[in-house]
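Just below sit the structures, each encoded as structure tokens.
Each of the next two complexes has chain A plus one other chain: chain B in the first, chain C in the second.
So, the complex of A and B:
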């Protein structure tokens, strides 16, 4: 363990940015606010790079640390907070701050003119701070401090336009569902504290042996519930599509690239625990596999461009969990890496489209944008191609590695799920492309065609899109089967030979390519020539997310509120009534007291003093008579 | 020093009694000044206070030697944090009460008298003295509610009075029983506790006395089902009264367990630990559910207090039954944390929000954040602190309580943790309706935060943040005393 002074910079710069932009939101110009907000995240990224270089210069197996302060002391549990810069933590931190920087920059253009510009930057910086704390902590307590605060940032930013009814509902829903997961996670922490007496990662992992299998599984599963809620996995995913109420860059950063992958990070971070349980890892794989398929099915039935991307995100995070669940932690982290590029790219490009169409998000009213927005079209083409898993784009390599690992780990059923989801992914990707960009111009495009002269956006918006575009093309080249294996190598310091690295797998390669081509072909054949007309009437089953949202509402929220009303009624009529009955019996006494005190306070004070004196004398007399 | 601490407010009350009642502003300032002196004294004491050194700042004089009453004051790691809370919250509550225009003189005199009572309860080490302070607290609060309260103040104040008087009379019986059964001829709390720990009280006797004390403290906390006076009292009380009621008065009940019931009657406490823990968890869940259904903002906060005090009761029970230092530390932590968050909540519900919306009904409000952003932010801060956002003091207290109680009462902790979801639920629902959305009611004309409101809320917010980020600020203070208490209990129970 080597102390590194670069680590705190990753947290402190965004925190400082949040404080300065919050306090100076009325004083500074939007230009300076954007510069401060983006610049601090950029500095955080540079600190991350410096820490990464420092780590690489050390012997393998070394870790960067930075001790902070005691958080809990005395009693059965001692907790000292600290930062932990191992390859996994820095891997995540670099993406959070790197992609975060680009999205901050993009926001300068996207949010220009918004009256709450300063508040926006303050909250976005605060998110980067909290997320960095989450990934860089050296124990579960620090993790949960970050975990809760990214939740708050997410709440504030989903509800950023808080006058909107849909936005405030979405914010509440997101916080509440993730809080439910957090409570399960807390129970996992309590149990872990009882079982290991430690919540500091290395100390905890050192004590895994000797703890019963059942306990390990129970703790892992409780942590997993938290991960499932945060990462919008089945069945706690219903908040994510609604969360798209937030500004689009927020969707890109928080609800696509980083925060929703916190669950994946948790499983990868706690890999010794999940591996020791075995069963828990199996559950992780199934949750991930099923969500990957479910998200892809539902995404293919959405008409709102951002909701397509939201369901796509949950599906892709499902892949990451699938990878982690079969023990291919490095592959999982790798897919997080490529996904951050192409999904952020897609969201930011979608933001450009929405911006251009004056807020229109319905795919059925778009169409033909290829001509007026060539750069955005290229971005979508690359982003969707990467998402669909077309070579040589980023998603192809990382998804394939996960699928190969699934097959080689002896999970043919999960593998089949994954391949089917891949076909559906290609289908919804090219459905989106066809609806928005191909064919004749849709009504929303025609209505705003006068703004065509304005170009596609300012440089602060196009530069980040361009850089992400490069990433979406090239990020996958870090792990070309048989050629490169960068993620596996650099993450070795965390997984210590225990992560499963699949070999090149020609069956998987063929199957997933075939699946992608079939999905793409069907989508283009179906949606290229004609655009569906918006229909009035109830949405189809898949479009409504199989009604899980409503089912959940009926099963939890409504009974909860009903129970609350019953309790409140019982409290007034029952418990209080009972006691009031007693009080009525002593009413005579009460009446007297009241009459005495109805007059002036002075007289009351006299009565009071008299009463006290009486009490005093009385008790003295009582006592001395014994 | 403790004498000066306790009686400065009383002197202030007397000074105010001799002031011209027309000079209202002068009276307000005098009250504030006299309430700031205890805060100063407590801060001075904090520098000298040594955690782990047992009772400190002890003052002891014979008072009524014939029956063994002495004037005996002292403070340790269990009571000192409560002195800080009391000395901090009272001046803020007085400041919050500057808008009182009706019978100003009496109001502030009573408020200072109340502070003397509260401080006295936490430092008295003689039962006789303790009881006097206990009653001194009751009476001014009765008047504060009954005279300066809302429309149903008469009902609320009488209910408060009857409940707490019944509680304290039964408690007095318990205290007298201890006095006589010990045969020591002294009201010295520590001596009687020592006697109890040596197992010199008959087990059946212990049970009866514990029940009597339990009832007395339970009404004050309040523990379900003795809690129904609280929502009425809070809703009707003036803002300043609510602030000290929630911030300090409720803690007198749980303090009674720490100082009296547990150390003096450890065997009975262990025997009743499970029912206590059960009642604590019932309070957590029941209080949260009841809070969720309240349309009245103040009532919601009141039920939330019942819910939060449940953590304290659970922590005490787990500390007794399982010897968990963490659980008891957590209980004390929640006492302090709730002691600073709940006054802020009541200040918001009763003053900051009310004076702008002229209603306390949640369904009638809306869009406060877009009208008065700073006030809205303070409300959001308080709500997130109260719902246990990691990084603020509420989370730390709940975490310590639960982590300590988990091995002792696993099922109960799991049920109690569900309460955390409900707690998040009603706070979020409240914010959704009060803060977010389109503004309702009269458009414009709302003034954002005033200087006085800032002065009241900023210290509470700062402390909430500081304790959440750096809990050892408080933990290091209480831990040695809690360890000593737990050791005594374990020893009395035959050790582990």
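So, the complex of A and C:
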């Protein structure tokens, strides 16, 4: 363990940026706010790179640490906070700050002219700080602190346009669901504290031996509930599509590239616990596999361009959990890496489209954008190709590694799920491409084409898209089967030979490639340029997300409202009734007494003398009775 | 004369004063009625002091005389102030402490 002064920089720069932009949001110009907001995240990224280089210069197996302070101590348990820079943490931190920087830059163009520009940057910086805290902390307590702060940042940013009713509802929904998961996580944390007596990662992992299998599984599953809620996995995913109410760069940063992968990070971080349980790892794999398929099916039926991408995110995070669930943690982290590039690319490019169409998000009203937006078209082509898993783009290699690991881990059923999801992924990817970019120009495109003044957007928007484009093409080359294996090598310091590294698998390669081509072919044939324009109709089962929202409504929201109504009635009639009744009695009594006080002297005298006479008679009667 | 006769006179004085307070409307008369009641009480004190050989009753009588003097001074001052504002000499119209309306 080597102390590193670069680690706190990754956290502190975004935090400083958040404070400065929040306090100066009315004083600074939008230009300087954007510069401060983006610059601090850029500095955080540079600190991450420096920490990474420092880690590489050490012996393998060494980690960077930065102790902070002792937070609480009680009984046998002492909670100390600190930063922990092992390969996995830095891997995540680099992507969070790197992709985060590009999205901050992009936001300067996308949010230009918004009256709450400073608030936006403060919240975005705060998010980067919270996420860095989550990944860099050296124990479960720090992780949960980061986890909660990330949830708050997400809530603020989804509800950024808080005058929109839908945005407020979506923010509340996302917060409530992820908080419900957090409660389970907290229970897991308490149980872990009781079972292990340690919450600091290495100390906790050293005590896994000798703890009953059932306890390990229970703790893992409680942590998994939190991960499922945060990563929008079945069945707690319903907040993610609604979260697209936030500004598009927020969707890109939080709900595609970074925050939703926190669950994957948690499983990878706690891998010794999950591996020791075994059963928990199986559950992870099944949750991931089913979500991958479910998300892909629902994504293929959505008409809102951002909802397609949201369900696609859910499906891709499912792949990551599938990989982690079969023990291929490095493959999972690698898919997170490539996914961050191509999904951020897709969201930012979708933002360019939405920006160009004055906020139109319905695919049925788009079409023919290929001619007027060639650069965005190329971005989508690459991003969707990478998503669909076409070689040599990024998604191909990482998804293939996960599928190969699933097959070689002896899970043919999960493997089949994964391949089916791959086919559907290609289908919805190219469906989106065909609907938005091919064919004749749609009504929304025609309506806005006259006002378009050269270019597809400001440079601050196009530069990040271009950089992510390069990443989406090249990120996968880090792990070409049989040629390179960079993620497996660099993450060795965390997984210590325990992660499952699949061999090159020609069957999986062929199957997933075939699946992708079939999905693509079907999509392009169904949505060919001469197709009839799809009409707006009642949503089908898949478009409505299999009505899970309604199920949750009946299971949780309606009983909650009914209970609230009962409580409200008891409050109004019972509690308020008692208080109001007392007040009424006092009022009536006062009304009677009031008649004695008219302020007339002679009346007062009558009362006075009458009272004195009564007292006299009373005291005489008392005296005589003794 | 027996003690009861003195006490009877004192009672008559007290009741006359009380009735006057309740019946009359002229504030000056009211003040005199209060004096009548003081006197009734004082007569009872003095008579009982003599009849029962109780010294403290005489002391009370002096206290009452002092307090009655102070009361008359304050009462007359209030009456003068009230008459400056009101033309008629009727206590029924002096109801500033009562509720309005």
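Everything below uses one rule, namely that the second predicted complex is superposed on the first by the 555 of 626 C-alpha atoms of A that agree within 3 Å, B and C clash if a C-alpha of one lies under 4 Å from a C-alpha of the other, contacts with A are read in each partner's own complex, and residues count from 1 in each chain.
To be clear about the criterion, a contact is a pair of C-beta atoms (placed from the backbone, for glycine too) under 8 Å apart; a residue touches a chain by one contact, two chains touch by 3 or more.
Values in this document were obtained by computation on a predicted structure and should not be read as measured data.
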Check your understanding: Looking at the overlay, what does A:573 touch: chain B (first), chain C (second), both, or neither?
Key -> neither
Review point. Now for A:187: first (chain B), second (chain C), both, or neither, which partner does it touch?
Key: first
Practice item. Please indicate which partner A:72 is in contact with in the superposed arrangement: first for chain B, second for chain C, both, or neither. Key: first
Review point. What's your read, chain B or chain C touching more residues of chain A?
Key: B
Practice item. Return the residues of chain A at which the contacts from chain B and from chain C coincide. Key: 594, 597, 601-602, 605
Review point. Can you name the residues of chain A that touch chain C in the complex?
Key: 594, 597-602, 605-606, 609
Check your understanding: How about chain B: which of its residues touch chain A in the complex?
Key -> 64, 66-67, 103, 106, 110, 132, 135-136, 139, 143, 146-147, 154, 158-159, 161-163, 172, 176, 180, 224-228, 286, 289-294, 324-326, 329, 367, 369-370, 384, 389-391, 395-396, 399-400, 402-404, 406-407, 413-414, 417-418, 420-422, 424-426, 428-429, 431-432, 435-438, 470-472, 475-476, 479-480, 482-483
Revision key, fill the gap. The answer for chain C against chain A in the complex is residues 18, 21-23, 25, 27, 30, 91-92, 94-99
Review point. So in the complex, which bits of chain A are touching chain B?
Key: 69-77, 144-149, 152, 159, 162-163, 165, 167-169, 171-172, 175-176, 179-180, 183, 186-187, 189-191, 193-194, 560-561, 563-565, 567-569, 571, 575-576, 578-580, 583, 586, 589-590, 593-594, 597, 601-602, 604-605, 608, 611-612, 615-616, 619-620, 623-624, 626
